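There are two complexes below, and they share subunit A, which is joined by subunit B in the first and by subunit C in the second.
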Partner chain A sequence: MPEFRMPSLGADMTAGTLLEWLVHEGDPVHRGDVVAVVDTDKAAIEVECFEDGVVDRLLVQPGQKVPVGAALASIRAGEGAVAALETGPAPLETAAAPLEAPAPAGPLVTSPLVRRLAAERGLDLAAVPATGTGGVVHRRDLPQAPAPRTGRVAHRRESVRASPLARRLAAAGGLDLAEIGPGAKDGTVHAADVRRALAGHPTAEPTRAAAPTRPARTAPAARGEAMRRAIGELMERSNREIPHYYLTQSVDLAAAMAWLHQRNRELPVTQRLLPAALLLAATAQAAAQVPQLNGHWRDGGFAPSSTVELGTVVSLRGGGILVPVVHDVANRSVVELMAAARDLAERARAGRLRSSDLRPASLTVSNLGEQGVDSVLGVIHPPQVAMVGFGTVQERPWAVDGLLGVRPVVVVSLAADHRASDGAVGARLLHRIDRLLQRPEEL
Partner chain B sequence: MTAAPAVAELTYREAVRAALRDALSQDDRVFLMGEDVGRYGGCFAVSMGLLEEFGPERIRDTPLSESGFVGAGIGAALAGMRPIVEIMTVNFSLLALDQILNNAATLLHMSGGQLNVPLVIRMTTGAGRQLAAQHSHSLEGWYAHIPGLRVLAPATIADARGMLAPALDDPDPVLIFEHGSLYNVSDSIPDGTEAVDIASAAVRRPGTDVSIITYGGTLRTVLRAADELERQHVSAEVIDLRVLRPLDDATLVDSVTRTHRAVIVDEGWRSGSLSAEITARLVEQAFYELDAPIERVCAAEVPMPYARHLEQAALPRADSVVAAALRAVGGHA
Partner chain C sequence: MKPEQARAVLNQALLDIVPDALPEALPDDADLRQELELDSLDFVELVERLSARLGARIEEDDYPQLRTMGSAVAFLAGRSEPAARRRSS
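Here is the complex of A and B:
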């Protein structure tokens, strides 16, 4: 029987605290469903399931801290289990619903009316095919939504009617409104319901009475401290173990910026590309071409990665960083890459990252261009063997064919692990990045 | 050392009259004018006996011309007097609205601060006495809309007795609304001029479950409702606005921050009313304290009926206030 285990949500994570189960024993689950919330030292992460099946037993209770790899739940695998369960009491179309249900997207832009209607019908807005510009779900899209599935984790936060005070108290106490349940006939969660839940008393609704109150999420101040400690430990290990070497190269972005300008005229405002997307794309392609820098240092040797999993450093507004990962970057278009990077940054800052966002990266990029720096000489994120940095795109005097011109220029830097590669390999990566940026249309 | 102040039983009418008599006695610049304030003794008998006491120079009967005599009051105020102008009811004050809004409320601004208008205008307001649709409306909320005015609504005998003096001391125009149903109400208050402020709302009855906000003629209705709520184990806090402009937001927000629920009782019509303004301010300033939608109990949006049962049905009643408070409290008292 497969087990659902405490995932590693970063190389610096050794253990995690289970904050909340989003499924019950006996619920059907699908690959990609968010089934639990886990607190690392850095953030509360929504953890996805990698199996199709039925939750057999929940082995760890909320509040328990367990090491990475420890079994959290056992899952009865197989389509059979799912089908048997779903063709039972559930209507037929629910069984026909795609098993690869789209994971809830990032922040959804919808009107209050649409949110209310969706909540009333138990629909997951993330699963509604949107026809509006920029992925906005309109009222007319709702009939196209897949019917709600039992056990499926929908956007529960949207569906709770609660007073402003109740919301404030629940947020302060780290309670999920959906689990509190309304105590009154009006179907609204009031402050008294939250207070009852906070006091550990069962709420008035009997079916909710058994729901355990969740352990509070780590308070922001404590989170800041823990994150500082986690970053510190990892960076200390990096500088202690990894013999870094550094290379920088100035790259003329005239062609890239011209292409970007042209391309953006064809794109809707919400999909406009930033120079960062081109830099990420070029880095990914270059890393695929110079595999000696794309992978991990393990047990005294280098293990190349078959795909480019690009970690992107996101600095949080309250301080600290998270490094969510763009999956299989080399095979994505610049537009897709832009959308993925934007979504990741937004969710990282909103504290809504999922476990799949924190899978191990094979190479990390730090772009401090917005901060106005000339170049970034990074600290490698172990067990990776390289980090690429970008400074600000600046207009600089630039000699071309014996003439002096003004060009947009960026300094690309590389910090690499001398155990895994030498300077010539690093230089090749920077050179490839430069060459790719001269032909942006091929990215 | 000091003896407890003597306590006198006064009607609202006698309290206003005593305040007028004090003002006339203490300051030669003060005079009273309006329709029938002299020989007839006032339409509501408020100024009965003052003509005999202070003479026709200071208790002046005017023609039936609201715009004319309010304008004269503004002129007298500009010339250094401290006029008290009585308008029979707020319904007729609309004839003087141009003087009140375009002159009294505006001259300080238009003159760059050189000309202030220390004028007090008293008028009755409100329904409940079968005076029909031209004598019964509560339009004080309209005046509370106007920058440059201070708008008072004494709801208690003590405020009726005490608000006139600070109103006369105010360098700018002050409107005092006396609810017509209050003149015969009596209460025991300390004998003498108790200083009252004309800036703050008052908590008339402390409570913990719901804030009921009202003013003027409906205060007694609300206090009766609070008694009934207490029998139903709901503790209502009753707030008397006292001052309709500028509103004392701090007292309202403080109360709702403690009770988390609000009911606003306003004898004015609901649309575009003072109750709407208070609702908006509570949402702006205390949104995250609210545990239930704000409830409003207002007059029905009709011209006030003459027939007694219809008039009563159109007005905020204690039972409708109780019902609104129970809705706000829900099962969560």
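Here is the complex of A and C:
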């Protein structure tokens, strides 16, 4: 019988805490359904199911912390399947032995779903008696809980189409998106619609500052500490185990920027491209051409990845980083890549990542262009064997054909694992990135 | 669009992106990206929202005019008022 297991949601995750089940035993589930909410040390993540079938048994209770790979539930595939014997999970810490850090911060430790439901019903989570470990409020604690639904429970919130910002605003203001109704002709609830509704809503939050619309900024200190620790442990391991070598190369972006400028005149404003999209595209194609740097170091050897799964470092406004992954990058157009990267960054910052966004990366890119630095000498995220960094695109004097001109220039850097490759291979990757960026129309 | 309307449109767009901002408190010479800590993605979103509100494309060449509160208000006011209407009024 297939098992639904604790997924690895990032290289720095060794265990996760089940916050909430979104399905019941006996519910049918489909591949891609969000069936549970899991807390890594860095964020609460909506976890998708990888099987079609029926939930047979839920093996882990909310509040339990179990290692990556532990069975969370058994799934019966199709009809006629028979319930098989299950060995219990191996909880690291059970409900009786609560997790170390989470202070009884009450509503702050609840799952996104509970926060959303509470907001929709205008409930103050601090006033809800919590039954979960460490004062965690579960969905069952909320008064007026709707009758348990079977079927594709997790897709319920998709019934109202709304922009992410509209969702955040509505949740912050205690409004039900379904009651607001779309104001625009496209049938989608936009932030402006929510603001209009909020203006005439009696229970709306009176102060904007109090609205938790940017969770990263208002994240509790405990979350910040846990994230710091998770990043620290991974980086410590990286520096302890990986013999890094570093290479940098300055790349003339005149052709790339001109192409981008031209494309942006043709594309709808909603698809406007940023230089970062080209840099990601070039990195992905170069990585596909230099497979020695695209993959994982496992059991004393290098295992190349058949696709380029590009981890993109997103720095959160309140501090810390998340590294969501753009799937199969080498086969996507620049426009698709831009949309994907933008969507991931927005959801990472809004605390709305899903397990599929955190699948294992085969290579990570750190773009510190926003920070005004010249270059990035990164720390590899094990088990990957390389990290590509981009500094700020800056106007620089540049010699072309014996003449000095001023060009937009970016320093591309590579940190690579000397166990898996040598400098010549690393140099080849940087040269490929350079060459690809000279012919942006082919990306 | 009168400057007051343009300012209201700009304030709303900024609030949609940075909900805890106080755009009405920003002086005219305030650099939007610096004051509100907008990164490139935020700025692209601002351009998208303003374009939608104007009903006209804002090109990359226009970005310098969106640098400060004052220059952005002037740009929006000027952009949304066709020459014909300006003559007839």
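We take it that the second predicted complex is superposed on the first by the 304 of 443 C-alpha atoms of A that agree within 3 Å, B and C clash if a C-alpha of one lies under 4 Å from a C-alpha of the other, contacts with A are read in each partner's own complex, and residues count from 1 in each chain.
Note that in this section a contact is a pair of C-beta atoms (placed from the backbone, for glycine too) under 8 Å apart; a residue touches a chain by one contact, two chains touch by 3 or more.
What you are looking at is a predicted structure, and each value in this text was computed from that prediction instead of being measured.
When both complexes are overlaid on chain A, the residue A:Ala276 reaches subunit C alone and has no touch with subunit B. Among subunit B and subunit C, the chain that touches a larger number of residues in subunit A is C. In the superposed pair of complexes, A:Glu346 makes contact with subunit C only, with no contact to subunit B.
Once the two complexes are overlaid on the shared chain, A:Ile45 sits clear of subunit B and of subunit C alike. Within the superposed three-chain model, A:Ala287 lies out of touch with both subunit B and subunit C [touch as defined at top]. In the superposition on chain A, contact of A:His261 is made with subunit C only, not with subunit B. By the touch criterion defined above, A:Ala36 reaches neither subunit B nor subunit C.
Comparing the two complexes, residues 165, 168, 191-192 of subunit A contact subunit B in one case and subunit C in the other. The touching residues of subunit A, counted against subunit C in their complex, run 165, 168-169, 172, 191-192, 195, 208-209, 211, 213-214, 217, 261, 264-265, 269-270, 272, 274, 276, 317, 342, 345-346, 369-370. Within the complex formed with subunit A, the subunit B residues making contact are 260, 287-292, 330-332. Those residues of subunit A whose C-beta lies close enough to touch subunit B in the complex are 163-168, 183-186, 190-193.
By the touch criterion given at the top, residues 12, 15-20, 37, 39-41, 44, 47-48, 51-52, 57-60 of subunit C touch subunit A in their complex.
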